[in-house]
Amino acid sequence: MEDKVYTLVSRETKKEDTIITVRKDIKIGGKQIQIMAGPCAIENYEFTSQAAKACKKSGARILRGGAFKPRTAPYSFQGLGEEGLKILKQVGKEEDMATITEVLDPKDIELVASYADILQVGARNMQNFALLEGLGKIDKPILLKRGISAQIQEWLLAAEYIVLNGNPNVILCERGIRTFEHDIRSTLSLTSVPIIKELSHLPIVVDPSHSSGRPSLVPPMSKAAIACGADGILVEVHPKPEEALCDGQQALLPKDFDKMMQEMKLIAKAVGREI
Amino acid sequence: MEDKVYTLVSRETKKEDTIITVRKDIKIGGKQIQIMAGPCAIENYEFTSQAAKACKKSGARILRGGAFKPRTAPYSFQGLGEEGLKILKQVGKEEDMATITEVLDPKDIELVASYADILQVGARNMQNFALLEGLGKIDKPILLKRGISAQIQEWLLAAEYIVLNGNPNVILCERGIRTFEHDIRSTLSLTSVPIIKELSHLPIVVDPSHSSGRPSLVPPMSKAAIACGADGILVEVHPKPEEALCDGQQALLPKDFDKMMQEMKLIAKAVGREI
Amino acid sequence: MEDKVYTLVSRETKKEDTIITVRKDIKIGGKQIQIMAGPCAIENYEFTSQAAKACKKSGARILRGGAFKPRTAPYSFQGLGEEGLKILKQVGKEEDMATITEVLDPKDIELVASYADILQVGARNMQNFALLEGLGKIDKPILLKRGISAQIQEWLLAAEYIVLNGNPNVILCERGIRTFEHDIRSTLSLTSVPIIKELSHLPIVVDPSHSSGRPSLVPPMSKAAIACGADGILVEVHPKPEEALCDGQQALLPKDFDKMMQEMKLIAKAVGREI
Amino acid sequence: MEDKVYTLVSRETKKEDTIITVRKDIKIGGKQIQIMAGPCAIENYEFTSQAAKACKKSGARILRGGAFKPRTAPYSFQGLGEEGLKILKQVGKEEDMATITEVLDPKDIELVASYADILQVGARNMQNFALLEGLGKIDKPILLKRGISAQIQEWLLAAEYIVLNGNPNVILCERGIRTFEHDIRSTLSLTSVPIIKELSHLPIVVDPSHSSGRPSLVPPMSKAAIACGADGILVEVHPKPEEALCDGQQALLPKDFDKMMQEMKLIAKAVGREI
């Protein structure tokens, strides 16, 4: 049997919370809760810019958007690739937002890191060890999504791969697990938030969009995430969800995102934090 | 294929929220959030009384405690039976609290209803149709726990059995589902709270104790439950958890319960409610 | 924590296989594999009789058919009750077959036992402890289906409840568990067959109909069940599946059942048994 | 929503079974069932050679063994890399066996393909799309394991990625799914075998070792796999399991493998096939 012990990411090794500096004024894991918002995929400049303006105005400091999209079917829209990265960077600069985007292939790490501030590992790649090792060799923050059927121990060991290879800046992200529930796209296991806080010093954020699968469930689950201790939210916002090329059915409209942000600020205050 | 449509419990049938009156001053489903707290099992007068005094003082209005305990093994403590019901009723009266307790066998419904204010259907019995039909014939409120692997539709259909038989006073209770997660006793699926609110007019409460399996996880998950819209919390509190005959490992100490209550009041206020 | 140890049903307590005598010439758990076949529900004399004649001719010795049906929705056909039991008994007598049928409510145990040779506990009732205790007090064989999300240990402890109350004649039945798989009604976990054989001396049969949800999957899974050591098969056969009031979509036609029986006999022989 | 339709791998597109030629005399998907046996990891020449001799003698034609090992923890043995590939090739040649081994990183595809006859995609990489696309560009057969929480549709779409990129030689492999079951390492969902046969023309084999997690369960589940229509078995055999650096606890001893092979031949015959 293999020894499944993580050391570097363990709370036993390091008592104090890790606070990751994305930018001088944007930190993850401290008192300030970070909202990472934007479209699922970068589709063009216009949608990205509109989404970013709205998200910024409502209080988000980090712009999300995919350029390389992992898709279940080979016939689905696969993302704009480097062209998408360029748009993301440009819009981020225009709106003074930090950026986060996904990387799928170890050979693209350097390219993606040259455009974005945070690199995201998707749920399907949580145990893509070649990718994790590559990400351990850069110095940008990595957001590591939980695999859809990953035990918490396996998730922490995936983080350990990155840290052991040299990069201590790992942000965990609960995004829902696969269960028997049919009514929900995946089951958001929010209990993982306080468990991670007990087991590890790494920050943890929650993605309520992919698990909910529909916009009406996103605000209550975002508030619940903040209430139980999450350090941030990764959420899909799109100016025209019905025209989105990817996952439009779960994106919030800017006005609904704004309403949610106001509500989340009250919850953040109730738990002694701010957004 | 059988037609799996619920009617009576559907939001389409009745737009406004059902508010259940437990006692003139204790309602479930309205602005006031109800906390149902106490020991897992009624073990003796002393523990029950100590727990009740502490819970009342911290703001709980409903006392919980099991007299008939469903236990996985036949060799485990099975509850005090009617003797337990008597203690529960007496302590409830002394502390001016309403009471809730579980019923396991259709033949015991009348007995249990003669002692307690709310009757609870445990997760294992969610599809014990003989029991559901019997509970439809009394007029006390019924708390119906979600089965550990019940789809939301099946849960609502179980409620439909009770309502169809004549009792409209059903309170749903999310208590965690069985998934592959080993680190957690069961996976609390809080997304069911806003989903139930969309699909049904019935109130819904959350039991964070059984799913967590350890006390440290109960406060964050209770706060999350309130943040996403739950109408109440069912929680285990025991003055001496290490001496409990049932599930002591997950019970809160009175002082930790009190701290949690203070924190929950802030969350309740942040979502426009009160405890 | 409760002590979850089973004793009476454990292989450690009794090394040799338990062989249950249903009738002088029908034993479960020995060299002969038993096929329990018939309609999901007893709907009328004609269908029951036609099904029984066909099943008998193809080699089945036990006739199945439900009189009390546990249904997810209160509006679904709930079975004929005692009228169904009478038809089952009559047809069993006419075709010289033993009979098996489900009991749902502790108060019906005596009634059902007066008509049928084997009493079945459905998956939803695996932890209906009042029912299990009642079944422990009769002397007819009990077929105990695995709950859709029961751990093997919990299943054996449910059997322990029956045996501890006085009835050693328990037949276990794997019928599929609830998982994330959508393409299958439930996931038949055949590995439970050799595991049960290691942990317990009780016989185990497999129900491939409910898990498959469609007839084409029943023959391959029945053959697999025999190949890995099952002591029997519980299978739905209906002369006119399209007119069935319950689960017709998964019932085999008599001709397909006959073909499957011929194939199963070859598998039985290959593992040193007979049908 | 993305369109999740597979075309190239669908039974509707191609009615007849795909038969994959590994070597002139070794085909997968035809009447002959193929057994792929050997150690989990290539650890050294001696163990590999001993395992291969035993497997060949008992009737296996394909030698398995990992050189690049995906391990949950970064501190576990990660495989010998190219050195392991050399040993595998040499032993395969000495014993006149075809070989199969896993590839983890797109950049290693060419290297692995230069040594092995079949390339394996592990469960963790089923949706590593960069890897799948790379494997679509070579002409060696690919064994694609089902992800531990993959729906059958997702699995077939992963195969579609390979075929669409140019390589039609895909062998599917059921290896168990992640469920709530604790007593079993993962739940072998054998029903996927007949379902795949209905939906696709591709061959399917079963890996009973990883799901069982212990040797005693491997023979019954291997026999069940053959009985329900599998085209082969992928199984771990090790001359000294207690000294294995990887998964030794589930490997069969050569003598137990030999016994299992004799039993499997009887099952194969009973379903009209041969080993």
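The chains carry the letters A, B, C and D, assigned in the order they are written, with residues numbered from 1 in each.
Here is the rule we go by: contacts are C-beta pairs under 8 Å (C-beta built on N, C-alpha and C of every residue); 3 or more make two chains touch, one makes a residue touch a chain.
Keep in mind it's a predicted model, so treat the numbers as computed, not measured.
**Q** Most remote chain relative to chain D, going by C-alpha centroids?
**A** Measuring from the centre of chain D, the most distant chain centre belongs to B.
**Q** Give a one-word verdict, same or different, on whether chain A and chain B use largely identical residue numbers at their interface, taking over half shared as same.
**A** Result for this pair: same.
**Q** Measure off the straight-line distance from the CA centroid of chain C to the CA centroid of chain D, and report it in whole Å.
**A** 34
**Q** Find the geometric centre of each of chain B and chain D from their Cα atoms only, then give the gap between the two centres in Å, rounded to an integer.
**A** The separation of the two C-alpha centroids amounts to 48 Å.
**Q** At which residue positions does chain C touch at least two other chains?
**A** Those would be 149, 178-180, 182.
**Q** Write out the stretch or stretches of chain A touching chain C in their complex.
**A** Residues of chain A touching chain C: 149, 178-180, 182.
**Q** Mind listing the chain C positions that touch chain D in their complex?
**A** These residues of chain C touch chain D: 149, 151-153, 177, 179-184, 187-195, 198, 211-212, 216-217, 220-221, 223-229, 263, 266-267, 269-271.
**Q** What does chain A use to touch chain D in their complex?
**A** So the residues of chain A touching chain D come out as 1-6, 70-77, 104-107, 124-125, 127-130, 148-149, 154, 157, 160-161, 164-165, 178, 246, 249.
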